[in-house]
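The structures considered in this document are given below.
In what follows, chain A forms one complex with chain B and a second complex with chain C.
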Partner chain A sequence: MQARKKDSLLVASVKDSLGAAVITFALACVMVGLRVDVASGRGAELFLEHRWLAVAVAVLVVFAGRLAMNIFFWKREDPPSLNLSGLLPKGGMGGGSSNVLKYGLVVLAVALPFALMFWLGARGSRQYIDLAILVMTYVMLGWGLNIVVGLAGLLDLGYVAFYAVGAYSYALLAHYFGFSFWLCLPLAGILAAFWGVILGFPVLRLRGDYLAIVTLAFGEIIRVVLLNWYQFTGGPDGLSGIPRPSFFGLEFTRGEDGFASFFGLDYSSIHRIIFLYYLIFAMALFTNFVTMRLRRMPIGRAWEALREDEIACRALGINTTNTKLTAFALGAMFAGFAGSFFATRQGFISPESFTFLESAIILAIVVLGGLGSQIGVVIAAIVMIGGFEFFREFEEYRMLVFGMIMVVIMVWKPRGLISSRTPSVALSRNAKGISADLVQEGHG
Partner chain B sequence: MDYFLQQLINGVTLGSIYGLIAIGYTMVYGIIGMINFAHGDIFMVGSFVALILIVALGITAATPVLLLILALALVLVVAMALTAVWGWTVERIAYRPLRGSFRLAPLITAIGASIALQNFVQVSQGAKNKPLQPLFSGSFQLTDGGADGSGFIVNLSYIQILIVVTTVILMGGFTYLINNTNLGRSQRACEQDRKMASLLGVNVDRTISLTFVMGASLASVAGLMFLLYYGVVDFYIGFLAGVKAFTAAVLGGIGSLPGAMLGGLLIGLIETFWSGYFSVEYKDVAAFSILAIVLIFMPEGLLGQPEVEKV
Partner chain C sequence: MSTWDNNPVLKVEHLTMRFGGLTAINDLSFNIGRGDITALIGPNGAGKTTVFNCITGFYKPTEGRLVMNRSNGEKHLLERMADFKITADAKVARTFQNIRLFGGMTILENLMVAQHNPLMVASNWTIGGLLGLGGYKKSNVDAIETAKYWLERIDLIDRADAPAADLSYGDQRRLEIARAMCTGPELLCLDEPAAGLNPKESLELNNLLQYIRKEHDTSVVLIEHDMSVVMEISDHVVVLDYGVKISDGSPEFVKNDPHVIAAYLGVEDDEVDQVEEEVGIA
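Take a look at the complex of A and B:
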């Protein structure tokens, strides 16, 4: 009896795995096994390269992997439970346990440039501070998008458009009028928010995925216009020579009235990098602060209500138009700030930097970190952007892996890694948070 | 007038290709109510499969016509089958586990799957453009450019005829499949009420899988047509074609098969006329603007049913 049962488990597993192997073969036989390439020298003739070994490996790996999984997990009657959820930090913004993590991260972020300078010196630490600036930019963008997607539940696939508006606002204002960074920063934010309202207004009636596709279309429209309006935006050549920010009027230059000589320091190019780092850090913290404050205000509660159920929201007399528009405008404004920071950091911008992929990366940071969770965004940004830089050598493969990870994490934890929808307000003191496991279907 | 006629012919050809892709969007949206974001990339995979098969079979313009047609038919069938497996796999891995999850989840995995497919093809086939020498070069001349030769010569190429004829045949076949077979009946049942359909013995998962399979195989036909018409593919063609085909599906009324075809034709015509009479650079802007305008003012499209919002 026991033996027969074991046998049938094995047979079933092998059958299932054979099926998977056949499908893998069908997938791989043409797309992996043959590679079409353009012959050099003989005109534009195409020829094929054979890679049957790769197909065989793929099929074997899938077969063996599936067989092992079948035998040890899926087809067993008592599959060993693997609960990895405990490894992740629990709770969202208001959770007490995450306070330590939160302040820890802030302290770490403040100390980071000096720690790096101490260990690696000015020369060695530069690339790491640059990376930290990049991560911080994405944290800020993630927090901005979190207002739209995480709090208000409006899926925005064209977020990068507002980032582009911010970047181009600064670059163009500086180019044509010679405005300084500090004047342009609020202007860029206002302009981006203005565009947020303009683009947001017509799409308010649309539901989740329609909204997503229209915002995607708007994002592409803005990019195509930037690309083709050659006289104004420089087209594909972009804009260069964007002025650098000053420290209360002190330029980061060598010489009498520079930052270094004013403070009696030796001139070093790292000063500007560190200044940029603290600048984006302050901007990101500002974003977070505003979001957290707004969440406690009626408008923030309206956002969360909107995310959970739009019809109920309307029935309660919430003006959904204004609620959605403020979410759009605020999200866009922070993207505009981040955009003008991006422009001043790079000194050069072109439409290349504002593709749909960029929107997808920001969205992935928000969604994989956990919708509505501020700390999740930070963790996701560090892991993702850090991962991108870490695997820079595998340029070709990293986006492939990025796409697959997006699928895997979503399937594994549809609510994101730190999944909790802690309402900002609860009826009783005990009912503090609703775990994601309890929330089934919200019309988010 | 002659110029107009030429644009009309080109527009209908392009529209057929968009229509074939749009059917995949509209069927999937109809049945599970999600935008299959990876569909454009399935179309791209389909065109790559077709290209590889054409090169592998050694089909060139020098092949005798009868053999050429037979070989292309073989390519078509094999490409449809293999691309269908891709469509099935994407559904199985990225969408099925999330059925019943919150609504944005499958959209996110769809974007992930789209990025993964694009980069998979970039890795496995290289990032370079793949130009294919034209297989059919002949064409009918509809006008001779006037007696003094000053007019515009309108060409109707064999390949355009082939594309339109194939599209019409496939459309007929699929309409029959949806309207008159068991599979089509269960599909329509799932579209109306998935839970009820499963209570009445319809295998919902299987039906949804088959919908993806059908959509993917039609997309691969579109991929082959695209390849033959433009003669060049790269790993990035899926994104734009996908968004435009989605626009077509929305314009025609999402969930409606004839609507998808009609929307495809309209988008093809609008795009061609826009580039013919206004500017080539902004033709994508035209398509995207139509998407936005239609969704805002006419979300149910031309032939779709208005959607009732349920609590």
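Take a look at the complex of A and C:
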């Protein structure tokens, strides 16, 4: 037996590419080359159109593409490994190596409005600051949901319900009792947490898919009630004229006692936008701070243990019902805070803002960022919400491209962008993150 | 009257567990002596794990009573308690036949989760700890010390920050025992602790159990198939077959009990009548 002689790299590549080109030609002849159309001028007569140029282009593209892939990747004995993961920060929640990124993002966020004002002026920067506020809102919501989904491993598809509870709490309290934003902010959080507990009691015995369905239904119930209780909530008309927040009692108005005249500035509507930006920034940081602290406390460890193995938790004397309820209530509370911020920022709310799509987006941010990863949520929120708004000009292709990006990310990094877990307590100073392959996702 | 009947840590009285038409345990009574290592043995399907699940609250017994006598004089009726309360209040801890560690958490974290209840109290149910009040910081340090103590016992102190899922099988078994010990139990229930261990690991396990019995106020009850482990370390053996107790006594006594030999080894065809007569089932 004589061993078959191996072709050289180039010859083998060209052979393979020619084969592919022939197949493409055969397919493209029929599928691309011939086109039947209805002639518009001569009645409804059918006629055949030949498009040989398009066939040639298709064949050439396949040939060239396949040749390039063959030469550089497939037929090589030492294919260059493309390690994109190396470009991403490794740490999970507050990991050591992601510290630079973390503080970089904070500094960027602090400086952003002034940098924009400097470059674009008050008029030009307004839309970008608005967009940044939107992104921040989603970061906060993502961090809130991260407690429920990422840490405790409870799949919540109705998270937007608590956002709605927060928004309507503020709007209704302001509407009926004339309460101010600063009074309503904690109230909205408490009310949302209360609803979280109300929902949690009956449903937290359910697991996995069942829990997801019930939370989904709860989200819809809240929205439908808001939509139909016309006398109280205004139904589909929504609530308008929601009071704006004040800066320690100073309104953002043109008058004598407004914010601008107090500080001796010329009145500009951008002041309020910047104030709202820093407000949501502070609220988001607060969410992060509380979550990170809780993660190092027994309750946070119990959440993560619950995600890993609920039966083992019970065998260790952990009251799993209470543990789940606290996660649910706390996640709901942060959604409530975000909701009341949303109401005061918009000045108008209606049930339309709280559809299932919102829940899906928030969940997508958490999953895309990497379950349980705080910095991942930030990156995912910037990419998703920022991308959403930036590519508005692509119109109908926007969603298409978006879907594709999500599919690609999930195939490339199935555990999200930042997929390692930082231990909550360590003996040595340089404890490594835990690879996501070992971390459970939770079963509800 | 044997030693385990004088001051039992756990009294199992007329325990019966039925699943629909199947009676997994039928009118089972035995005592677990304080400070003893008690082995629960029997052929496959004899109902050993069911007994464990009843003791630790994962099943509610159909009939019977389980009385836990704590060393401080408290009495707990385990059949009436929720599973997590049994560990938290009655101080009964358990391990599982198929190891249930928190694989994505580090070894140290596994041991910290086991100390959840005292830490929750120390942190004023999170609120004090969140605000930095009270003695949470100190309790946290103490909890880490406890964890370190057990890590030294099971020789995993060098790997404290590694994920539990990375450990070898034998190490995982020992870690699960250490984790159960971190709950401060007075009765430790081990479901087949030696399954899948090599002779060296098996020996280490024996030493660990002897150590626990000697140095801590903890009684041990274990399910085991490995007779060498059972005969070597246990003070008291209870044998189950088809949910019924067929023998109960010291390892020596049980080893020579014809009931046990019949249940485990079977008998020659021509001896069946004779043995059945002895056993009393003819």
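The criterion applied here is as follows: the second predicted complex is superposed on the first by the 332 of 444 C-alpha atoms of A that agree within 3 Å, B and C clash if a C-alpha of one lies under 4 Å from a C-alpha of the other, contacts with A are read in each partner's own complex, and residues count from 1 in each chain.
Everything below uses one rule, namely that a contact is a pair of C-beta atoms (placed from the backbone, for glycine too) under 8 Å apart; a residue touches a chain by one contact, two chains touch by 3 or more.
From a predicted model like this one, the values you see are computed outputs, not experimental measurements.
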| item | value |
| --- | --- |
| Chain B versus chain C as contact partner of A:Val38, first or second or both or neither | first |
| Touched partner set for A:Val383, first chain B, second chain C, both or neither | neither |
| Chain B versus chain C as contact partner of A:Pro298, first or second or both or neither | second |
| Chain A: partner with more touched residues, chain B or chain C | B |
| First (chain B), second (chain C), both or neither touched by A:Val290 | second |
| Chain B versus chain C as contact partner of A:Asn319, first or second or both or neither | second |
| Partner chain in contact with A:Ile190 - chain B first, chain C second, else both or neither | neither |
| Partner chain(s) touched by A:Val14 [first = chain B, second = chain C, both, neither] | neither |
| Partner chain in contact with A:Ile311 - chain B first, chain C second, else both or neither | both |
| Residues of chain A that lie at the interface with chain B and also at the interface with chain C | 311-312 |
| Chain A residues touching chain C - in the complex, by the definition given at the top | 290, 293-294, 297-299, 301-302, 304-305, 307-309, 311-320, 326, 421, 423-428, 431-432, 434-436, 438-440 |
| Interface residues, chain C side, partner chain A - complex | 56, 58, 83-88, 93-94, 96, 100-106, 108-109, 112-117, 119-120, 123, 126, 129-130, 136, 144, 148, 157, 160-161, 163, 165-166, 179-180, 183 |
| Complex interface listing, chain A residues touching chain B | 23, 26-27, 29-32, 34-38, 44-48, 149, 155, 157, 202-203, 205-210, 212-214, 216-218, 220-221, 224-225, 227-228, 311-312, 356-357, 360, 363-364, 367, 371, 396-397, 399-400, 402-407, 410-411, 414-415, 441-444 |
| Touch list for chain B against partner chain A, complex | 34-35, 45, 48-49, 51-53, 55-56, 81-82, 85-86, 88-89, 93-94, 97-98, 100-105, 107-109, 111-126, 128-133, 239, 243, 246-247, 250, 281-282, 284-285, 288-289, 291-292, 295-296, 299, 309, 311 |
